[in-house]
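The two complexes that follow have subunit A in common; it is paired with subunit B in the first and with subunit C in the second.
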Partner chain A sequence: MTALQRDRGTGKPPARTTLAAAPADRGRVARRKGVRDRVARREGVRRHWWFTPWLYLLVPLGLLVTFTYLPIGDMIGYSFTDWDGISPEKNNVGFENYTDLFTRPELFKVFLVSGVYLIAAVVQICLALYFATVLSFDTRFRNFFKGILFFPYLINGVAIGFVFLYFFRPHGTLDSLLALLGVHGEHLWMGDPDLVNASLAGVSVWRYTGLNLVLFLGAIQSIPPHLYEAAALDGANRWQQFRHIIAPGIKPVISLSAILAVSGSLAVFEIPYIMTGGANGSQTFVIQSINMAFKFDKYGLASASAVVLLVLILLVTWIQRRLVPEERVELS
Partner chain B sequence: MRRGWVAVAAATTVVLTACSSNGGDGASSVPTVNADPAKVSGSITVLTNRTDQLGEGILDKYAAEFKKVYPNVKVKFEGMKDYEGEVKIRMNTENYGDVLPIPSDLSIAQFPHFFSPLGEAAELSKQYQWTDYSTVAGKVYGIANYGTVTGFVYNKKVWADAGVTEWPKTPEEFVTALKALKAKGAATPYYTNYHDGWPLRQWTDAVSSPSCDPGAKDAMATTPLPWTGGNDIFTIDSLLYSVVHEKLSEEDPTTTNWDNSKVLLATGKVGSMYLGSWSIAQVRDAASKAGANPDDIGYMPFPSTTGTPCTVLQPDYKYAINKHSKNQEAARAWIDWFVNKSGAAQNEQGISSVKGTELPSALKPFIEKGVRMISQNQEKLAAVKKIDKGAEINLDAPDYRQKLVDIARGAAAGDQKSYFAELNKKWSESQKTVG
Partner chain C sequence: MTTDPVTPERHPRAAGRIHARSAAAGGAKYLSLVLAGAVVLIPLVVIMFTALKTRQEALDTGPLDLPGNWLNFENFHIAFTQGKMLPAFLNTTFILLVSVTGTVVIGSMTAYAIDRFDFRLKKLVMALFLLASLVPSVTTQVATFQIIDNLGAFNTRWAPILLYLGTDIVSIYIFLQFIRSIPVSLDEAARLDGANSFTIYWRIILPMLKPAIATVVIVKGVTVYNDFFIPFLYMPSSDLGTISTSLFRFQGPFGVNWEIISAGTILVILPTLVVFLALQRLIYAGFAAGSSK
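Moving on to the complex of A and B:
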């Protein structure tokens, strides 16, 4: 029995009576115990309104509408105005903000920065996949390692920003560590324009690998363990098991992670904003939009660029869905 | 079940009312204060950016003093750590305190939308300095508590050790002096505070200082190419460029730390920083805490291009009354008392906005050495701001100067000439659209 099995039990679903049988069962029990009247009355009173399930969803839906859809509606509205964020009057300017946005190529240059984060996202998914596979087998201290890898995700982003500012300082932690390994010399991790985005992307890999790891671990553990046993009997090694059992088995989760990675790298914000404020060529599209709104009082233009980002992410997701269609994975 | 629907309706009402806009017009008459303090009553909330003073209870002491004069007024404070960022969002509602410092990024033309007028400019300007910073159509909307002058805070000992005892008279002399500091090797000659950003923003405050022209900022409204020789902003940004380009500033500007920079300057590891005169007290404080001599900390004006040293006297936050406040009279009483009677300006080594008050001791060398203190004209403030924001430069934010530093240290493409040309282009284009 593999460790996986021990964790999950035999994997056999609990015995469940079929839905069709249930009322008949209950009716028979009721008759026998002589409480038929009460049951009948209760069932007579209970009515099934079509909106009953919606009542349960009222609060989450209310929150979703209030804090997501209404603001998005407002944002789209603002994107057609010249609002400066504070004045009581806003004038409708039609598509001017959008034409402005698309006729200024320098506004889209910032997406080059996203490329660095995209590469980092690939590294992040590979790392997470590797660790998830290793940790789902019988590894010593595996819960400890799971904890260590997931921990960065739990730390507040602002704190991470400040910690890494010290880490990347000249003569700071990273330089000292490298010196221990015999790599001397000064690197301006944040100050060198060729390094700054890689450094920031490194922080984001450190932070989000744990999240991917947990997703992958969950998916891997849903693979029936007897498959491994069968594969082992056939002489498959770990890599072959990964290649032919794990990877296809968790394909939906990998493709979901890929979508999140792409949209995430288009919308990078927190770490560069805290650590550099977008200075030294680390400005991302979101930071640029924020500057538009809060530094130059161009809320209309900022809203328009936010709408463009939204459309862009929807588009990328759609393309990805077309390229990698969702399919039900049947194992065993 | 019916109760459920009631709750839904109630929730919807709450959401809708919370979202309703601030279209209503509040009082726009000038609030006056009853001559008898006992007759003024109400409870007011004063917004403040000074969370440090709030935490140490200094503001509550002022409130207690105030209560002795106006026994029926209750004063509450509300501190905001990121004042500029938070207050502008609050100002989309009607609930932004009774008395508040005017956010410095707010365009002057919008003051009447948000604040009650405090009086006629012709009258108030006799009593207070800097009323022109918040005058719209002849009415004053805000009064500053105190003002500061602009210049370099520096470590006298470090400079003297490097053989520089006189204040540099021209920008070139300033760079030469910093080179001498670098050659001595004891200190980083200049510290930009690039990462925190706002200390870079402060360089804008020097406009008027190099040319000794009070109208230098106003001139930007009509100058199509401000970043060309002879304009103050050109002199200022060129000096910063040279300092960084000659490697006279810290090695990695992207990891600077403001709180630590005070200690570095106080202990002689840094030679100088460009900040308002308010910083003297803070750096001296840092010196005493670090065991260094607070008297080593000096202050010098921006080097001039005309031969006479000049410094710009300008106001700190200006206090205004929320137009929607229910306690206009009590709010006005607080502003009057705080500016005139509290002594808060003197306590912070600031220059009180009340005309005829004595200058703080930290500025004595300025008077001894005959530094001219000038006030910047503010007639075209609104136009300059509009051009500035339209050009997406924002002189009052650090971003464009961070880029200047990046270019100067070779971390971004271009050189001084190309960057200034880019700024000029943006400025003149925006100027055309503003008209």
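Moving on to the complex of A and C:
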């Protein structure tokens, strides 16, 4: 606090001030007047102790290191041990945890589950694109529909879990609705290993489509309207307008959604954990790691699994950044 | 649920053929919207019905049947008292207030330091924050758990608060983007008047960051209110339930009493609905800004 109060610029780094104020060759000064002005202007902002910015950064950096970088380091360390999370003794086991993960089929199975969520994410992005396109043109009650479609994203995950446990119950909402349509019978939406992941992935489509919708709507709004008018004059139909104006115009947002979809489907946890606890073959990568660590005390294996997940997600992000450069698409 | 008129958009002078085609397209459009609306609303509405039914009714009637008495709030009362929802709301509110305030202060200070100062290692600091934004916190929990435990924060309200404060890179980015658009000349004018950097931050930058603060408060508020993972893992004590973990615990004692579970679920959703209806515009903008950076 005292340091902050003393930061008046009186006892400043003198070298800088003299440098800026140093009288130089008149002609050169005149020629570089713009530069000198800019330097002087910036100098006004820069008058501070060298440590002033660090005072502001102390807490955020401390938290960042403690809760992001330290855990990553620790985790990599644990992943080469057989630690159980409690005992003081940790034995180095080399790459054993990693070979376990990739060779034991029951541990590897979780990737197939991620695949189901990935398919659901594709469905979700397509639905959001369709509704974003529809709602950005003249449509009655568009704010009403936008609100309805977005609201699920704001709902508490446990509440969503219960809503859909009831929905998928034998003789529950879904079965009753199907009976209205003439499809009778009892389906084990949550109990049948062939259906459970599709049902759960359906819940995540229900939950997240609205977020994509809002992102896409925002992006579509930034496309200049005269483009549609020109296209309409040329006789382009809605699909052609979508194909040639909207899709290229919002490419950066679509690519962002794609990357979030991939990393999201690898890191699914909440809904399946709340609804099934990972039973009936609905175990995901994160549920498996959490169970390994906190239920079965296999800290080493759980850490290795988390490291694999982290590397996968970073890899996907990196590939996406390489494939889709962050340049702005020119539309005029 | 409003039944939507499946009427085409009005084009008085459009040719008949085009009119017919746009009518069909319009019809399909509204049909798809109504269908999507139904898919979203039906699961929620059915839960509402169930919450209003008596135990016997819930057992005897189908999920789509309407409750006999629309003013039967008995289940809500049971859920609220026996489900310990009051302490849960208080716990969540405390964690929410501290985390959101902390996020705003920390995020804006970080953005201020990075944008308004030139210092050595600035690039490195930026890179550290950027890289961290790519690391999903869910992957590092196995090791984070040990750190929280060693800090003695396990099973206290400070565990989630520390984690919410420590892993929020998104808000730093929102502030950083916004602070760039505040003219530096304002800082300079204040400096000429003798203000130090903290006064500039507190009296000039922070008040001008209001729109960004609104965004961060909304995004962070919704995240904290709805989070299940962190309180579940770090506050297992039943006295420290948040709304998520307290609701999750309904599964045990209320087992198959769906009318009580439904009432609890509605109790948790209701505040979100009220806030959403009140702040719709801000919320859309907040989430668009929050996820695209």
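Things worth noting here:
Criterion: the second predicted complex is superposed on the first by the 245 of 332 C-alpha atoms of A that agree within 3 Å, B and C clash if a C-alpha of one lies under 4 Å from a C-alpha of the other, contacts with A are read in each partner's own complex, and residues count from 1 in each chain.
One rule holds for everything that comes next: a contact is a pair of C-beta atoms (placed from the backbone, for glycine too) under 8 Å apart; a residue touches a chain by one contact, two chains touch by 3 or more.
As the structure is a prediction and not an experimental result, all values here were calculated from the model.
Of the two partners, subunit B and subunit C, it is C that touches more residues of subunit A.
Of the two partner chains placed by superposition, only subunit B is touched by A:L188; subunit C is not.
Touch criterion met: A:T66 reaches subunit B and subunit C at once. Contact with neither subunit B nor subunit C is seen for A:G115 once the two complexes are overlaid on the shared chain.
Contact with subunit C, but none with subunit B, is seen for A:H48 once the two complexes are overlaid on the shared chain. By the touch criterion stated above, A:G157 is placed in contact with subunit C alone, subunit B being left untouched. Legend: residue contacts after superposition of the two complexes on their common chain; A:P248 is shown touching neither subunit B nor subunit C.
Once the two complexes are overlaid on chain A, the subunit A residues touched by subunit B in the first and by subunit C in the second are 66, 70, 85, 166, 169, 172, 294. Taken in their complex, subunit A has these residues touching subunit C: 4-9, 41-42, 44-48, 50, 52-54, 56-57, 59-61, 63-64, 66-72, 74-75, 78, 85, 127, 130-131, 134, 138-141, 143-159, 162-164, 166-167, 169, 171-173, 176-177, 180, 206, 211, 214-215, 218, 238, 253, 256, 260, 263, 267, 269-270, 274, 286, 289-290, 293-294, 299, 302-303, 306, 309-310, 313-314, 317. Only residues 4, 8, 11, 15, 19, 21-23, 85, 88, 91-92, 105-107, 110, 113, 194-195, 197, 251-255, 257, 389-390, 392, 394, 397-399, 402-403, 406, 409, 411-412 of subunit B touch subunit A when the two sit together in their complex.
Listed in rising order, the residues of subunit A touching subunit B in the complex are 55, 58, 62, 66, 70, 84-88, 165-166, 168-170, 172, 188, 190-193, 196, 276-281, 291-292, 294-298.
Chain contact summary for the complex, subunit C toward subunit A: residues 2, 4-5, 9, 25, 29-30, 32-33, 36-37, 39-44, 46-47, 50, 62-64, 106-107, 109-110, 112-114, 116-120, 122, 125, 128-129, 132, 134-147, 162-163, 165-167, 172, 184, 187-188, 191-192, 194, 196-198, 201, 222, 225-229, 233, 243-245, 247-248, 250, 258, 261-262, 264-265, 268-269, 272-273, 276, 280, 283-284, 287-288, 291-292.
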